[in-house]
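To keep things simple, chains are lettered A, B and C as they appear, and every chain counts its residues starting from 1.
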Amino acid sequence: MIRRADCLVLGAGPAGTEAALAAAEAGLDVVLIDEQADAGGQGWRAPLGSLTLPRKGADAEAGDRLRSRLAASGVDRRLGRRVWSVGGAFRLDAVGPDGAEAYEAPRLIAATGAHERVVPFPGWTLPGVIGLAGATVLLKAQAVLPGRRVVVAGAGPLLFAVAAGIVAKGGTVAAIVDMDGRLAWARRLPGLARRLDLLKEGLGWTWSILGARVPFLAGHGVRCATGRSEVEAVIVGPVDADGAPIAGPERRFACDALAVGHGLVPGGEVPKILRAAHLYDRLRGGFIPELDPYGRTTIENLYACGDGTGIRGARPSAAAGRLAGLAAAHDAGRLDAAAFTALAEPTLQVLSEYRPFADTVAGAMALRPAQVAAIDPATVVCRCEDVSRAEIDAAVDAGASDINQMKHFTRCGMGPCQGRMCGDVAAELVAQRRGVTRETVGYWTQRVPLRPVPFDTMIGSFDYADIPIPPPAPL
Amino acid sequence: MSQAPIYDLGVIGGGVVGSTLALLAQRGGLSTAILDRGPLCREASGVNAGTLTLQMTRVALIPHAMRAHAMWASARDWLGHDVGVVVCDGLSLAFTEREAALLEERAGKRRAAGAPITIISRDEALRVEPGISDKILMAGHCVVDGYANAYLTGQAFRAALVDAGVAVMENRGVSGLDRTDKGFVAQTAQGPVSFRRVVLAGGVWIEPMMAWLGVHLPIKVLVNQLSVTERIRPVMRTVVGIASGLLSLKQYPHGTVVIGGGWQGIGDRERGGVELVPERLVGNIRLACHAIPELAGARLARAWAGLEAETADALPAAGPIPGIPDAYVCGSIHSGYTSGPSIARSLADVILGREPDLPLFPIDRLMKAAPP
Amino acid sequence: MSLWRATEGVTRPAEVTFAVDGTDVSAPAGEPLATALAAAGMLGLRDSPRGGTPRGAFCHMGLCQECVVTVDGRIVQACLTPVRAGMQVRLGGTLR
């Protein structure tokens, strides 16, 4: 059975959910699909249903408001579904609690979010080393601390959110290791001050960290994590503004966990599979689909919004989602030009108000080429296939001219994470080795499935006689 | 500035066929250039299942497939680089009486053409491959089987071609081919390339390439769906197919299982393999899991569609281009990995003025019905 | 060492018991298995296939595939799998 609708929305984070709500309010029959059991995405994730927490953060409350609006809407919510196939004009195949499912609609809004970038260092594959975004999930949704004594390292605002979260839950932060110097943050203040509410949130984190007397190392990066079977210590040292290690005293922090992240990378799997045009934007995290102001891609009736279209954060993503939903409704003939303009204008305004703040935060989370250049040759870049930086360099020297050819030569990016964890860094390595632009090196050819999917759930139960075997090949 | 060289031979299309040809021609004494619009072995030759099975090969190609199998198996010697070739047994399974009849008929004809295929019982087949389903009725068994790793061929051929002194011109799309009194001039965005003889080895793009010379050779485009699991524990040790030929299945030494068989996706010559048809992917995987039940516990890591060329009679286009001296075509082999290197070798022999040990497949037969 | 469940002001559901390679482990019902394993001190879940180095949950959001384990014979991502009483967990990734 195929569920046919007017509009499919893939991804129920702030962007996708707002898109679904806007399109449904305009009268479209909308199906909203996500892998998680509840809407909210990663940032506005719902705490585990069975958990009672003392106090909710601003994100959880924003998520609750979104979820209650969704519950009261006419959107057909299909959560807990793993979508594995995306087809043109438009079809999604998924596996859900009851097996295989398919959805079809003339419009598709892709809101599949972003994933974390961790620039490799020796020891980053040790158990106990986790992503900053992962630490956020543990803290906010599960009330779990990443360890007894945690080093929090990397770049961007998540550093402070995670450190403050650990302190608030009674844990110990061994050190905060921020690639940015104090000057960098001082320079960002004017941009951050454009959203006083969000700046206040950031200052709140800082206050709680100060209160806990956490060692704060500005302008430092992780040199390596050490340990036998788990992380036992982190060695850090000074870095320059571009992320390159520089001379200076190194410090060692004993710990049982390292939460580390260097920004976010837009996922954008769906527009890539459907071959929409993309462009490289380092500030926005990598390759992003070319969009009009309302989220229309270069493929007719395919829209994209949220962090998958460039890193902006949850609130701007929600606004972008609303625009995409309105555009889909307008293009479907459900909103005339006047109504569309009247509804879209205030949201465009909201989006532009967020822009200086979002750009400032994105700047802290963007890839630092010198940090990539400094990766040690023996360090594993592709975790799934254990491909080292030296092997990537060797592949380029052997003639691999783009990221996909490098993948063929090395198996880098061919494992079950489908190149998500290493792709941005691997492409940067190829570009640097060749001395060419990221555009020249390109991005992974996106394939289905969107996530690894178990065969047994895809194929269900069947009789051999029912397999539609085509006629035999010629003899 | 020095004068641009005129190569003895230009090969347009850098897949397995074009690369083999260029390598053998250069080693035979011809200065050779190979041009591809992308990197070597990245179209059909790079997204191929890489199966080297006789049990899916056209009867007329069996001698070539046998020779190509030996070439693949000895790639380290003549190519000088590893292409991950594994030589193992192959099984073609029959689950129904109809398939059993088909299997016996097809195995018989292939055996008559020289393929060492025997029909074995269910129990014998389970001894050869403990991973197969005990629901089979019988199997075709062939000891000449195996696979190459399509991901490695581009790297291997590139290194071999460069070592041999071939002018490797990757990312150099040819937009037209002019005839001159000295031979041919290929037009590219990076400037013209001249050669005395030319081989068109562009797979599904042979049809538009032939049009450069004013020759019409219809080439059908097949869009083959393929899928691969993540690394899993060993579940099989042979190449497994079914009697109808619509399954090819093997597990690589590192643990991934590649599933093919020619189930058709959506795509065309202009856009490549655009999209998979989910029902057909599911059908293909059901077939695979029916053949190797343990496979049902694996996860699909990646699926894609690659183009395959097919002539009107589904036999290769390999030989001189009628009416155009010094121009040749080589491709549309229909078992490009299994037979390709051998057919390329025969054409290289002809171009080098030797009598080939195995016959070519001249295209005159395909051009009779061509429009004027 | 291990993940650590915050206690102050947090109420969790009753614990359930499940088996990990034959050893009983308890965790609040519904907690993601990756969290429950790490909280029980089981940080290393498998060895990487090529380098043979120990790996554990990394992204905790369903992407990195580092926390793949077998539950009742099926390959699952531990970070996306809620714990249930009696589940049989086998560590070692997809190659075991």
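Keep in mind that, in the parts below, contacts are C-beta pairs under 8 Å (C-beta built on N, C-alpha and C of every residue); 3 or more make two chains touch, one makes a residue touch a chain.
None of these values were measured; they are calculated from a predicted model.
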| item | value |
| --- | --- |
| Winner on C-beta contact pairs when B-C is weighed against A-B | A-B |
| Centre-most chain, if every chain is reduced to its averaged C-alpha atoms | A |
| Geometric centre distance via CA averages, chain C-chain A, whole Å | 23 |
| Gap in Å, rounded to a whole number, between the CA centres of chain C and chain B | 44 |
| Interchain centroid distance [CA atoms averaged], chain A/chain B, Å | 39 |
| Two or more partner chains touched - positions in chain B | 230-231, 254, 297-299 |
| Touching two or more other chains - residue numbers and ranges from chain A | 415-416, 452, 454, 456 |
| Per-residue overlap in chain C, given as positions that touch at least 2 other chains | 49-50, 65, 74-75, 94 |
| Residue ranges of chain B in contact with chain A within the complex | 39, 42, 46, 56, 58-59, 95-96, 102, 106, 109, 135, 151-152, 154-155, 158-159, 162, 170-171, 229-231, 243-246, 254, 262-264, 266, 271, 274-283, 285-287, 289-290, 295-304, 314 |
| Chain A-touching residues of chain C, taken from the complex the two chains share | 1-13, 28-32, 35, 39, 43-45, 48-51, 53-66, 68, 74-75, 80, 94 |
| Residues of chain A that touch chain B when the two form their complex | 84-85, 87-88, 91, 93, 100, 102, 275, 395, 398-402, 404-405, 408-409, 411, 414-416, 418, 445, 447-449, 452-456, 458-459, 462, 464-465, 467-475 |
| Contact footprint of chain C on chain A as seen in their complex | 35, 42, 48-55, 115-116, 125-131, 133-135, 137-138, 142-148, 169-171, 229-230, 256-257, 380, 383-386, 415-417, 420-421, 451-452, 454, 456 |
| Touch list for chain C against partner chain B, complex | 49-50, 65, 73-75, 94-96 |
